[in-house]
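You will see chain A twice below: alongside chain B first, and alongside chain C after that.
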Partner chain A sequence: MLDAYIQSYNQAVFETDKPAALDVVNQALSDGFSPEDIVFKLVIPAVELMMTLIEKDPDANLAQHFMTAQIAADVTEKMLEKFSKPPEMIGRVVIGAAYGDLHSLGKRIVSGCLKSLMVDVVDLGTNVSAEKFVDTAMTENAQVIAVSAMMVHTATSEKGSLGVRALLQERGLEQQIKLAVGGAPYRFDPELYIKVGADAWAPDGVTAAKVIVDLIREVKP
Partner chain B sequence: MTTITPNAGQTASQASDMLATVSSDEQTLRVLLKPHLSVRQALDTTDLRVRAACGGLGTCGACLIQTVSGEFNPPTLAERQKLLPEDLAAGMRLACQLRPHSHCTLYLEHPAPHSAWKSLDPTQLYHASGNPAISEHFYGVAVDLGTTHIRLSVWNRQSGRRIGTRYSINPQVAHGADVLTRLNAERLDVQDCRRIGQQAREAIMDGIRDILSRDMGEITPVLAALGKVLIVGNTAMLTLICGNSGDSLYQPENWQSPIVCLPTDADAWRQIWRTPHADIDIAQPLAGFIGSDLLADLLATGITEQSQPMLLADFGTNTEIAVWDGTNLWASSVPGGPAFEGVGMRNGLTAEAGAICKVSASGLQTIGDAQARGYCASGFIDAIALLLDKKHLKPSGRFAEPPTEQGFLLQADVPKSAIFASDIDIFQRAKASTAAAMAQLLALAGLKVNELDRLWICGSFGQHLDLNSAFRVGLLPTLPSERISLLANASLAGCEQLLLNPAGPNLLNEIVQRARTINLGGVFEYENRFIDNLRLQPMPIEEFQ
Partner chain C sequence: MTPLEILTAAMTGSPAPRIPVFCNLPDHGARELAMPAKQYFSKGEYVADAQLRMLRRYGYDNIWSLHYVGKEAELLGCREILFADDGVPNVADFVIKNLDDIAKLEIPADITQHPAWQPVANCLKILRSEVGATHPICAYATASTTLPAILMGMDKWMELFLLGPFDVRDELLRKCSDFCQQEIAALRTWGANVLIYSTPFGSPYFVSRKQIEQIVMPWMRRDLLPGGSEGLVYYCGMAPFNDVIDLVFDELDIKTHHISPLADIAEAKRLINTRGLTCGVIDDIKMIHWSPEQTRAEVQRIVEIGKTDGHFLFGNGIMPLAVPEANIQAMVAAAFEYGRLQ
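This part shows the complex of A and B:
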């Protein structure tokens, strides 16, 4: 029944046309489909399809990643407001840019995709200290800490991921809380995530969401 | 008061312009000659310069050129003194005295050795009135030190006469290192910082010497009488040329606060330059991410003396944007990435001979009509607009049909007209960050685009820019063209004013007092605007009315 909408929604997402995507969703709503159906049968499969496409196409345009994630997040947010009861979230992640790093757009893509995949996102913003990452993950019962760093020195700093790892170790949290990293320096050196003490990394924002969902499932099967 | 006439659109070619085809044994250029310029002055702005050792007065006789066809002014007194009658009869002339009266063909047997330095069109620069109070060391130099370009001019500060202007690629670009990218990607080590700073100093002196040798015919005595060098530029370059490491620029707390750029070794610097009396003065940047080049732009355009709202954007590796609401100034900068300087794209070039500078349905146009070697920013923007119109490119930035490994050839027989998906991506992000920054600063100032009395586009980027293409791709808000002014050398013009106008420093201080620096990195709405502006389409009008 939703098939016709799925096709035109996927088309709109592929064309990064947010107004067109919202039109499809609104049409589906006015035709009587529930917000839950729209999120679970339309939006989430579209995000997953994008992930597959992007994995196959390493040259995919970064601008398109941004726009795709933004559409997913916007549509999901609009639908969640209309849900009859709060949806069951699959987990929670604390995300932010590393200490000394003011780049925030990379984590925006990740957050957008995560939200549409029913992951709670606690966004700490930019220039976040290791203590704040770990303290918040503890109080919020998050399964994953995601640290974005766009510069080599913020990726490798003792106050960034390495600091988070040290605190997790010190507080005996390594089984409950996993550490994911992402950002330009990790693309230049695919082994870098190990050097900074992370459990996983992803080359782009859309696949990062998938990697984080996998980490959540490791902690919370 | 500003002395610059706003120039809507570029200096268009006019009926009185003559087309000269100039050949050497190495190359052939087609040059448009304005009636008020000599052949030498026109060629000084190209890669094919005549030899010269005087300021174009016909006294050195070095700028010999052969006329092949066309009509010209009769030989001047200087030419009759310098050239033999039989040479004159054979069509030999002095390029500095030569003015064609028709389209013409010229042959240059002995061009000047190749140099990266070219002259600037002085019409949009500062007009000084001279200062009789300066009694010694009366030469002065104004420098606009950019990440990719250096512009400078040498002056007689006493008489207010400009001896010459030059611009060139900053040598650190030739070394394949974009400072800002590298500052972002990795810490430059102390040696790198010192090397880049030294290279910038050498480049400036190289430009000064080029002016002195070609436009005065003597170097050492003028350097000895050089009393002041004033440098404006982006904060990173100013930090490095002062001999400091770039370290302070990494600290986020420094981005919005003033950074003091003072030479660490002024005496050694003067010694190397052989300018014992030169006061080397750095115009202080506004903040860690807003250089004094923006302040110089504001000075040159005189925006902050107006009661009407205006917006100024200086496009470059870092694009600096300022909104003036009639009382206060809102300033910020965003990464233009290399997109607006033509560097970094697969077939990207700065605006030099062979760069595709205009693209339309009827074909490609290159600078100097030379063989196409790639796109400069204006040509690339035209190309994107054309691809969108022809539906080869979608607003998402995807090609309708994925191009081959050779890229999308805009013209089948021109390999260097190829455009790649990665180029589109770089451009989309650069234009989105700029468009979003304009919208955000306007929002902060409580202004709408419609209320802008004028939009100033500064930087060499504007030189060949087609406004309709810029509107089409969403780089600039769609405004009537008479409300848009392009001022390619605004930073240098402002620096000249600061060097020569005794009131300059006070005017600059007033601008600084009125300025609020905005770090868009911390503004959530800015991120939404950035993403919304990634699509290749005219700016959403509802944002602006």
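This part shows the complex of A and C:
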């Protein structure tokens, strides 16, 4: 029903043109579509289409990933305020940059996409200890811990994903909480995620959201 | 021939016994001197000593003067670097915390008078005196369009870059370009003759080609305006950039290209051909878990693609500390062996 809008919206996102994307949303609203329609029939299908496009086109650039997340999160946040009742969330993820890592772009892209896909995101920021990841996931009843690492030593450190895995194992939580990782080092060695004890990884922030949603569904069918 | 002569031969296409073999071990120096990273980076004498020791032990062709990338942020007011004994130092204090700070950002009139410059100067002075006549001395300078990432964080910079306010963005870029011009000139004056011009925003992996042409390229031209492109290496922080190699030749006249391990090296060599120097780069993150035999095989693959018709250099990215020493030795030895030209 909203195919034409989805196409125009994604065209704007691909050209990293936020005003044009917002114009499409405003046009759909003024054409009578509800805030719920905007999120579920425009933004979510558009993000899912973007995920597919990015999977097929690994040359999609970081600016496009960033704008996909940024625009989708902004629109969703604005529309949620206008929903007649709160939407049902798919699940919850605890996200942060690994211990010793102060980079935040990757997790911001992932968080933006997840929010638009109706996933609760608990963002712990940067330089997060393994204990904090696991403690927060337990208190927040999260299905997934997502650890971003932009440097080799923060990806491979015992205080990063390996530490999270050890704690999950120690506390008997491996069936309830899954571990996803992402960041530059994983692009250079696609098998690195296994070596750091993760259940899954993604080569970019937009795809990471899809991977995390799949993990949530494994734990919470 | 000296390593410096071998490098010159590779660039000009003159006869040489082998290709140049570069190895970058900027973070290994602390381990070499058995001291914490923070202490190691506090004195240029330590950095020079460790880099000279590793040069003698491994026998590669270049030597590094780089302390850490955050040094540039320190020259612009950063007060805290997060040092790690198992990896790369991080900028822990962003100079630009909100957009109002951009107007307040001051570029030092002479960065070589800044206390943070002194370890760099001391290191370069020693390297020039010890091996300057025989070995290329490498240094690192961040392009104006990428420097803001270490001043305000990559996500805030990406937001400002793409969404504006564009007058504020351009004010920041102008200041960063002024800094870049000064830094390149200072590094040359103090003896560096291979300058790694780090420009991830000059890669289509970061932004679109249109954005590179319209926004990034004019600022890069400005960065290089005073001193030209002599000795510069186009480096996109390990991101691929084959699609803009022609543009870089045409617009910037940079002839040496540091090709990402994620890029098609054969295509890059074809594009660069004999116009300049192709740097074939091994994926040193995979080297963490490879055996020496796997490392040798990958070196052989890269060198055999690149060395035909010369104009080729073998190197690595930023060797992680977790890479076993045996793999570094295997990499250098294999590059010498497979890189023979006569």
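The rule we apply is simple: the second predicted complex is superposed on the first by the 217 of 221 C-alpha atoms of A that agree within 3 Å, B and C clash if a C-alpha of one lies under 4 Å from a C-alpha of the other, contacts with A are read in each partner's own complex, and residues count from 1 in each chain.
Methods note: a residue touches a chain if its C-beta (ideal position, glycine included) is under 8 Å from a C-beta of that chain, and two chains touch if they have at least 3 such contacts.
These numbers come from a predicted model, not from an experiment.
Novice: Determine, for the superposed arrangement built on chain A, whether chain B and chain C clash or fit.
Specialist: Pair status: clash.
Novice: Pick one for A:176: touches chain B only (first), chain C only (second), both, or neither.
Specialist: Neither partner.
Novice: Touch test for A:27: chain B only (first), chain C only (second), both, or neither?
Specialist: Touch status of A:27: no partner.
Novice: For A:129, is the partner it touches chain B (first), chain C (second), both, or none of the two (neither)?
Specialist: neither
Novice: For A:187 in the superposed arrangement: first (chain B), second (chain C), both or neither?
Specialist: Touch partner of A:187: chain C, not chain B.
Novice: Return first, second, both or neither, reflecting whether A:63 touches chain B, chain C, both chains, or no partner chain.
Specialist: After superposition on chain A, A:63 lies in contact with both partners, chain B and chain C.
Novice: Between chain B and chain C, whom does A:8 touch in the aligned arrangement: first, second, both, or neither?
Specialist: Neither partner.
Novice: Go through the superposed model and pick first if A:157 touches only chain B, second if only chain C, both, or neither.
Specialist: Once the two structures are laid over each other on A, A:157 reaches chain C alone.
Novice: On the A-aligned overlay, A:195 touches which partner chain: chain B = first, chain C = second, or both, or neither?
Specialist: The second partner, chain C, only.
Novice: Do chain B and chain C land on any of the same chain A residues, and which?
Specialist: Residues 15-16, 18, 59, 61-64, 66-67, 70, 100, 102-105, 108, 127, 151-153, 184-185, which sit in both footprints.
Novice: How about chain B: which of its residues touch chain A in the complex?
Specialist: Contacts found on chain B: 184-187, 250-252, 255, 394-398, 421-422, 424-425, 428-429, 432, 519, 521-522, 527-528, 530-532, 534-535.
Novice: Using the touch definition up top, name the residues of chain A that touch chain B in the complex.
Specialist: So the residues of chain A in touch with chain B come to 14-18, 59, 61-64, 66-67, 70, 100, 102-105, 108, 125-127, 150-153, 184-185.
Novice: Within their complex, state which residues of chain C touch chain A.
Specialist: These residues of chain C touch chain A: 82, 84, 86-88, 90-92, 153-155, 158-159, 161-163, 204-208, 211, 238, 261-262, 283, 285-286, 288-289, 320-322.
Novice: Using the touch definition up top, name the residues of chain A that touch chain C in the complex.
Specialist: 15-16, 18, 59, 61-64, 66-67, 70, 100-105, 108, 127, 151-154, 156-157, 184-185, 187-189, 191-192, 195
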